[in-house]
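Questions regarding the structure given below will be posed in turn.
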Amino acid sequence: MAEATKKKNLDGAPVIDFDKFRPSRSSEQRRNVMDKFMGGLIALAFVIACIPLVSVLWTTIVNGIKRLNLNFLTYNMTGVVGGNPTPSGGYGGVLHAIIGTLEITGGAMLISIPIGIMCAVYLVEYAHGGKLAMTVSLLVDVMSGIPSIVAGLFAFSMFTIVFGPGTINGIEGSVALSLLMLPTVVKSCEEMLKIVPNDLREASLALGVTKQRTITKIVLRTALPGIVSGCILAIARVIGETAPLLMTAGYIASTNVNLFAGQMTTLPVYVYQEYSKLSANCPANATAACVPTIPMERAWAAALVLIVVVLVLNLIGRLVAKIFAVKTER
Amino acid sequence: MGQRIDVNHENIYYGDFLAVEDVNINIEANKVTAFIGPSGCGKSTVLRTLDRMHELIPGAHVEGEVLLEGKNLYDKDVDPVSVRRDVGMVFQRPNPFPTMSIRENVLAGVRLNNKHISKSDADDLVEWALRGANLWNEVKDRLDNPGIGLSGGQQQRLCIARAVAVHPQVVLMDEPCSALDPISTLAVEDLINELKDDYTIVIVTHNMQQAARIADYTAFFNLKAVGQPGHLEYFADTTTMFNNPQNEEAERYISGRFG
Amino acid sequence: MSSQDKTALAPSGGKTADKVFRGVAYACGILILVVLAAVFLFLFFRAWPLIGGDQKANSDTISSFTGGKVNTFWGYVLPLLFGTVLISVLALIIAFFISIGIALFISHYAPKKVATGLSYVIDLLAAIPSVIYGLWGGLILVPAIYPFWNWVANHLGWFPLFAGPAANPQRTVATVAVVLAVMVLPIITSMSRDIFLQTPTLQQEAAYGLGATKWEMIKLAVIPFGRSGIVSASMLALGRALGETMAVLMILSPSVTGYSIKILQASQSNAIASNIAAQYPEANDLGVSVLIGTGLILFLITFIVNFVARKITEKAGA
Amino acid sequence: ACGDNTASTGNNSSSSDTTKSAPISGDFQGAGATSQQAAVEAWIAGFQGTNPDAKIAYNPTGSGAGVTTFLTGATAWAGSDKALSDDDIAKSKAVCASGQAFDVPVYISPIAIVFNLKGVSDAGKHINLDAATAAKIFDGKITTWNDPAIQDQNKDLKLPSTPITVVHRSDKSGTTQNFVSYFKDQAPDAWTYDLSENWPNEVGQGAKGTSGVISTVKQADGTIGYADFSQVGDLGTAAIKVGDTYNEISAEAGSKVIEDSKLDDTAKGENRVVVKINHATEAKGAYPIVLVSYDIVCPAYKDAKQGEFAKAWLTYVTSDEGQKAAQDAAGSAPLPSSLTSQISKSIDAIKTK
Amino acid sequence: MGQRIDVNHENIYYGDFLAVEDVNINIEANKVTAFIGPSGCGKSTVLRTLDRMHELIPGAHVEGEVLLEGKNLYDKDVDPVSVRRDVGMVFQRPNPFPTMSIRENVLAGVRLNNKHISKSDADDLVEWALRGANLWNEVKDRLDNPGIGLSGGQQQRLCIARAVAVHPQVVLMDEPCSALDPISTLAVEDLINELKDDYTIVIVTHNMQQAARIADYTAFFNLKAVGQPGHLEYFADTTTMFNNPQNEEAERYISGRFG
């Protein structure tokens, strides 16, 4: 029988001279060299990229650490004149900007993360490549290309029309930022939902679980770490936005905790404004405590604070991702 | 009590592609019915129409009737979710929920349906289901470990435990033993034998010895040619099918002279 | 376990929840359309005076932006557009290969512990705000990079792109492209790293099983698996580069008008976004309309770029 | 509110007759010229010394946006490097409770020509330039530092052949307009461009904001630019030819030009105090390139409180005390006494009831 | 010609976990050796040490020797890449390259060695390999379609075709037939029979009939208890193993009286 099948299987099959396909010594060498070469290039890419990245961090830390102290973090910019110290002994601070950044970014998160996740759910779980879904997903891609400055103009004019001219407040900034966050959230959630194996959906549905519960308890749960890190990336993208906030949230020296009224300073705007001041004047009769370079020093210190805020957010996100982490299948 | 299934003039499509043609079959309550046939003939496809899993594939649809105890599953007023609650399924590849422990996996069907279940009931259910799937002894000390940490064979048995834990009326199994060793296979076969007192079982298998061992009835599916739709070639009680088939193709397939 | 509340095919609970959830999901999908339409309509509405307004006033406004050199909208926006695309494409070219290299380094070369640390650093870098890159680029990189670009101009000046003399200080398209490349690098890296890490072990083992070297395994299994991810990451990166405002604003010495590919010389090009930021504060109503008109063009160009990239992804995915 | 630095107490110790009236309280907003920012910060601190319950925010968006925002009624005042246009005056009727907006000068600052040249600026030396030479440099007609036109005016300097890199503002700017208007008046043959807030030619490099210009000039040898005097730092500056002498830049030298200038009679509208800078001044020690920045207010506000504030604010800002604060904080030039009477007349016109 | 493999005192670890202990086995050249044993006993693990695939899992390592024709695969100077070229592998789950056509999948291994293969040579090789895997007739008209478009069984046969197309000295197969129908299984078994003229074959299987049918030697692995390392319990030629095993555990396992 073996004879018979053998004949049947390979009946008419060409006779193969396998030596033709053998690796020659040179080809083996070429492959080895190629392997080493590409490995080297890949490592080199890393080193090259490290140069600017380390330089950015190093510059920020070295320049920023100088003025970064408790006073800087616990005072705002009211009553700061020229290069002179304030009564508290500092040179003004970023408390108002930290509060503004957290509130405005938080507002943007509250707007865009639920919408973004549900939109991803729609795309992956409900719309099976229908026309509407194609359009939505195309437009999400397009939206991710919206320049931040345009988002700022959009929010500015929307609030101007609805709440009257000259309206500038925190939530307006949140709206601008959420426009920028939304596509990032949708796209990363979409990717993460797509990666959830279909097996799991089928397993759940076959247990007679409704689609809603399958999505919330199995699919979203399985994708959660990815979604969290996607959202962090989205936050990271917008937390440092400057241009749209210059137009929408404005700039103020004092602390404003009301997201819905009054101008709000955020850290990036603060950095930019201090950079724009460049230097402060010290009159001829000023004491030695007057520091003419204080605005740039504040700019770097605020930049460092901004990076630290981002770092802390990242850490929180990572912890969340770790706690809910899913053991991946081998 | 298990329920009977009658399939009438069923055509099954993937988009425009007619995968299986004109299936007519009567699946008896509280019996084990096995589907056999060559690869690609549509066994899995037919099986998945019995609990409306087929339609989850975009573009897939079904013509004809599938009557569960006389009620057409494909009637407008039937909720596919409740169909799937009554008709359980075990898949070819093990698919435990990766976010859940072994225990939670077994309880998933109950918990995800938002049923509240006391801890002691839950413990009982978990033990019952895992014992049935011959997995209890291996995992009883680590019920809170993730289900995904088990070996392939163990994972599949976990999936079987999960499916029976919701007490369906009918259990569909798509080659449930193809990743199992003989010991586990035997245990699962015993479980099937035990389950048929309460439920109707439909099982797809490549292992004809297995079909012969456990099935009361056997359906042989075939494929005229590649690209052609599959169809139900021959349906008979298992003794007839394996000892005295009244169908030439089936006889050739069973005796291994096929193709 | 004993309570079997079974009536065959009883309507399941949670059906309403199911419907509501589905409705919300659809609504959120459609909301994207609405938002985008709102953005487009607003931009169009604000730019309307360019089309429907007093043309004399329009050309006066544009003249005031350009010192009288140009007085038509297209004459104003097309060079800006050219500059925007030039800067972004250069940035993407610089960043792309390096990013893929880093992503592979993290996903397949570095030991696991090191890789976790590196990933974290990259994620963090993705979050460095553009204003900080602007500070760094304008104050640190510009003087530091001059010798290098000067060398390039002296030795590769025959190539039109590098025509000298290199401006000093180097507030040029070339330097801006480097900064933007650094900015978008973490985006491409972290997205492609995530995808590379998800390459099924089965695929990788299939390649190894055939006797593939590590690089060949990457070519056979990792890159094909990650291809659409890489493209969409690059798209996001290009999107960010096209719309980048602060870094360009704080580094580039812009031109008023004109097309130029002399990336080592100052005042040759300008980008739309940074131009808006530079001009918006001092613009009057009509000036804002003109700037929004340029924003609309930028919006459309990102639309086209993303559309094309999307088609490439689709083809690759097929 | 939280994090506030208690208002500096240094300024209000002197008995001030100007702020006798009851303290102002409430939220007040202004927006406009970036050039005024440092001065406004000092003014806010000083003003709050006597009016601790007044919360004041100034958003340095730029003059144009400041005026636009003011004309929507969202701010109490606008800071602007440029006097109001006839158009703006007309629009302001809709915003002000009665009458039309007017502008008063509050901030005068000389504009420095700054340069960075090895062997000269780092040795702390100045160069001498006349209007035509400066105009030619900024027009790209003179391209090296040792050009005879420069060398002739700087006999005691050894100028290198370094190429000149002109650095100018890339954004629309009142500084630019004030700067080039000097060329336009004093060297019309060398500077033929129309007057505009945008830099008119493609010479050299553009940079955003005064900070951009200063940091660019610092970055390379051979650069020359212009910037508000307060931001000059240790860069070299040019002495400008006035009459037969080259006058170095200083706050007082800037003030002297304004003293020697007349009001602009083309500025139509009540209460307006618009200076027509006399670039041709031959006043002794005057430095002719200056920027005059205005505060724009209404004679009457729909919210009387705003009027009360505007009046008190301008009173303080234009007072000697206010000008001194600005001088300390921003290095500005004091308002010359020739303007004070006109200014206080205009301020008196603001209705507070 | 195939090559022999001798495994001496092999301990296999996943990180700190000793998965398989002290394996000693002599695998004859040009013979088929089957690995059988209960789930989780380490059959796959041992198999994967024979071509150094095991070490691809982070933290995994091996102690002891694996001699391929006398040369220790784990010597410092041995390149794992060339080991894997000489020792081919077919996996439990089908894993065709998803972006490649059927044709490209078959050629994938060969292309690595040899960039420039004439079209006709390639055509011949594809046909040979696919015929050998009993897939030719099903796919010959759609060689340029993607490999993942095939059914599970077809995919696995494609993977076998891909593995044999590089013409290795030894072929390792980890339950290659567990996803195949009997017809395909028979074809693969025939192919194995045929291949052993040229190669050494090691196959993991759960199907004892299959082991009995095709193997010359059979190795029985066992597990003392869950969490304990697996070990090689008994190794014998297939006739002895199935007819007259000299090991009690093996006898119990084979007769199905296990556990």
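A few notes on this one:
The first chain written gets the first letter, and so on, giving A, B, C, D and E; residue counts start at 1 in each chain.
Following the convention adopted for this analysis, a contact is a pair of C-beta atoms (placed from the backbone, for glycine too) under 8 Å apart; a residue touches a chain by one contact, two chains touch by 3 or more.
Just so it is clear, the model here is predicted, and its values are computed rather than measured.
Among the chains in view, A has its Cα centre nearest the centre of the complete protein Cα set. Chain pair with the larger contact count among C-E and A-D is A-D, by C-beta pairs in contact.
For the pair subunit B and subunit D, the distance between C-alpha centroids works out to 84 Å.
Between the Cα centres of subunit B and subunit E there is a gap of 29 Å.
Work out the mean CA point of subunit A and of subunit E, and you get 46 Å between them. Inter-chain centre distance (subunit C to subunit D, centres taken as mean C-alpha positions): 38 Å.
Contact with two or more other chains is made by residues 81-82, 85, 93, 112-113, 166, 186 of subunit E. For subunit C, residues touching at least two other chains, in rising order: 12, 14-15, 18, 139, 213, 216, 249-250, 280. Listed for subunit A are residues 31-32, 35, 208, 210-211, 213, 246, 275, 330, each touching two or more other chains.
Note for the complex: subunit A touches subunit B at residues 128-129, 197, 199-211, 213-214, 217-218, 221-222, 224, 324, 326-329. Looking at the complex, you find that subunit A touches subunit E at residues 2, 5-6, 9-16, 18, 20-24, 27-28, 31-32, 35, 330. Contacts from subunit C toward subunit D in the complex involve residues 64-68, 138-139, 142-143, 146, 167-169, 171, 249-250, 253-256, 258, 266-267, 278-285, 287.
Those residues of subunit E that touch subunit B in the shared complex are 37-40, 92-93, 137-138, 151-154, 175, 178-186, 206-209, 226, 253, 256, 258-259. On the side of subunit A, the complex with subunit C involves touching residues 31-32, 34-35, 38-39, 41-46, 48-49, 52-53, 55-56, 59-60, 114-116, 118-119, 121-123, 125-127, 132-133, 135-136, 138-151, 153-154, 157-158, 179, 182, 184, 186-187, 191, 195, 208, 210-213, 215-216, 226, 229, 232-233, 235-237, 239-243, 246-247, 267-268, 271-272, 275, 299-300, 303, 306-307, 310-311, 313-314, 318, 330.
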